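There are two complexes below, and they share chain A, which is joined by chain B in the first and by chain C in the second.
Up next, the complex of A and B:
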């Protein structure tokens, strides 16, 4: 019967609207799930691949890098340039400059893989907005020193 | 009461009602954004002031400092009067709304009729604004608004006629007086009309459609019509349309409160009736309006017209007939009894 279908549609439709309202009012009283970004931020997972960073010797705080240059040679985009010198009387070379041109880096990770000393690792940095191209040429040695002084300040 | 105190009273009410309409428009936007946020499990405005409470003021300053553009192709007269045509009738309707027993600017014995007369001017404002904008989206939107308002005014007015048959008066304050406790609210008065809650729902749906609220906001369907009739408006021109929309929501929910939910009368015996009950009921209904807006997607134009012509109008006519029959059979059931 045609009228039967009409009323079935009417009540079915009305009921579906009530179900929808029930769902939204349930959400209304549930706690918010959004992250209030500038005030709080997520902790990145261990596997997150940001740009590379130097790893410090936990004992001395100096970089583990021995300036072999493997990372520089393995980089397909030529982003990495580093310098080192051998101070008087020392046995090993000491890193004096390590720059990463992040504008060309594709985060392939070949540098991290090629390093035999575990001296470079992916950082957890993702706040990477900047006003100019030059802002993306990172001085990793300076970043390491900043991290150390921040850690000292915290301790 | 002599003539001069009457003048002061009217001026006080005028200022008060305009302030009420403007404050409502400002803070209902804030409330809307909060409700929307929490329904989507966000917070909503929170940065400007505590709980984002200063956000409407910041928005207002922004709107007022913006340049009011007059695009070269528009009809300068129609384009300028349209926002006022939307806002003024909405504010005018407040004149007869009884906030409490004595708090009513002007008690008119055809108050209900006056509100609906002014409510129909609102759509004229949208039509004039859309037409005067000389913009194809605005014109399409204006045509949609008119067809929608024509379609929804019919079931709304049939429901209102039913209510007037029951109440026997168009004086809004008297209608409230007839509903002194919750069992005698017209939404539960089954002895007068067996379909009373249905009539309330029809009235509520129609007032949503009349105020162009989602899910019936076809007039400003962003995805197809940019912003509809207010596409070409900037600054306070747009701001007035916005205030008009929110003032109309307040009017629609106030009428629903007065006709069905007992106006300023108290539903519980231990708290006396007064403007606080009126505002509580109105804001509860406004919350429902927002809740509905953030639950349902926008309807299509044919769906909207189908709903009106195939469902709301037949049911409201049935309600009218049933109520007439009930009143004929049991005359004491209706009216102030």
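Up next, the complex of A and C:
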């Protein structure tokens, strides 16, 4: 009896290995699912949350931000700092500096949610690599101007 | 259990497992007193990545703690989001719309499947099998893509909000989830043929690392660890929350208490989670995904609040003490893996080192959640 159990165990075990091998061989002949990254890259979904970016007024091209500071106050890690001034005779404050310290950002989205004017949005950029820590302190106002001049150059 | 390990007059030596060890999946150090290949005593040393999450909670507003919850257990972040928002909603008396509750259940269960799939791959990798990891990651990738399309993140989700969720799900997500479930149903038999029925796997796991129900109770172990030892306890059933009572699903319980039982509990849970997601998608109601009357600055009435959810690894509890201001007075997190790891010292006594690593893998440890 013990002898029988021994051989049953032996052949049962051997069979389980054959079944496993059959599965791996089956997948060997199936199409490759890996994306060949540097040569092709994924397009981010519309809801992808990258770092934040300023939204421009489609009419004037100026930022929609009115410098209320809600985003700055809602940020858990204090990575947003902004400055604005009120020019002579103007009704609203004008944004003069908007800095994002991306090293401290945890991409929670509380700033975008707290903005009542739709003035900030998530960028779709995910290829972020830099040589230094300073490379991640983004001047969002400058980014907005660059985008605008790029768009002008294209047009 | 070996005679050798139990005789105290033998010469022993101390072996450091970790803090950087491939089988501990994080910065966990276990001090092992060894007698040859046998473990005489094991003592987990914690605190290498302690980040003071509880103290951080006391220094920021209720809403600002949200991103922290996703960084406790990064593999099941949505359950932790859920645990925290549920506690604050209870404290502040915020009603959640039904559609939001359904979306919460769908995303949490998808996250649970993703967590179990990653555990499956990593656990088999610990035991020396590399191929299943690649298949499990292939399936997990689909869930991450689905969740990315609604939450905007892939790992450290910050999706739930007090009184609802960040944004609504769309038709693409619904059809994508249905397709994914169909696909995973076809893949699971492959997993079982490749791994569960594999002779090496069975010999490594069966009757190895037996944890008794008593030991689970003693150390407060929950989740698949307790259910693998015959304790029929799941918060979704024993203290129902959200819309879970409306769904028909089983709680897998195995009575053997060995590593194989814990493995089987998690594999069965994947199937049950798929059932829940399917039912939730069928019955998904229309309506808002965010309560309308949520105040911008939340100030719960002074008091002591506690609420629990079933995370992928066990019971996750949040205790809040509010003094009526806009920051918590005290925020205590009860994380399941801490209790699950605590029994390792007793359970590993007298085991072979290689078997103890299989036992440790079957506990499904996520270190940032232990250290918080």
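The criterion applied here is as follows: the second predicted complex is superposed on the first by the 105 of 155 C-alpha atoms of A that agree within 3 Å, B and C clash if a C-alpha of one lies under 4 Å from a C-alpha of the other, contacts with A are read in each partner's own complex, and residues count from 1 in each chain.
To be clear about the criterion, contacts are C-beta pairs under 8 Å (C-beta built on N, C-alpha and C of every residue); 3 or more make two chains touch, one makes a residue touch a chain.
Bear in mind that the values here come from a model prediction, so they are computed numbers and not experimental data.
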Chain B versus chain C as contact partner of A:87, first or second or both or neither: neither
A:36 touches, of chain B and chain C: first, second, both or neither? first
Which of chain B and chain C A:28 touches, first, second, both or neither: first
Partner chain(s) touched by A:20 [first = chain B, second = chain C, both, neither]: both
Contacts of A:118 with chain B and chain C, given as first, second, both or neither: neither
More chain A residues in contact [chain B versus chain C]: C
Chain B versus chain C as contact partner of A:106, first or second or both or neither: second
Chain B versus chain C as contact partner of A:45, first or second or both or neither: second
Intersection of the chain A residues that touch chain B with those that touch chain C: 17, 20, 23-24, 27, 33
Chain B-touching residues of chain A, taken from the complex the two chains share: 10, 17, 20-21, 23-25, 27-34, 36
In the complex with chain C, residue positions of chain A that touch it: 12-14, 16-17, 19-20, 23-24, 27, 33, 45, 47-49, 74-76, 106-110, 113, 122
Of chain B, residues touching chain A in the complex: 35, 37-43, 46, 291-292, 294-296, 311
Residues of chain C that touch chain A when the two form their complex: 60, 63-68, 71, 131, 135, 138, 148-153, 156, 158, 161, 166-167, 190, 193-195, 197-199
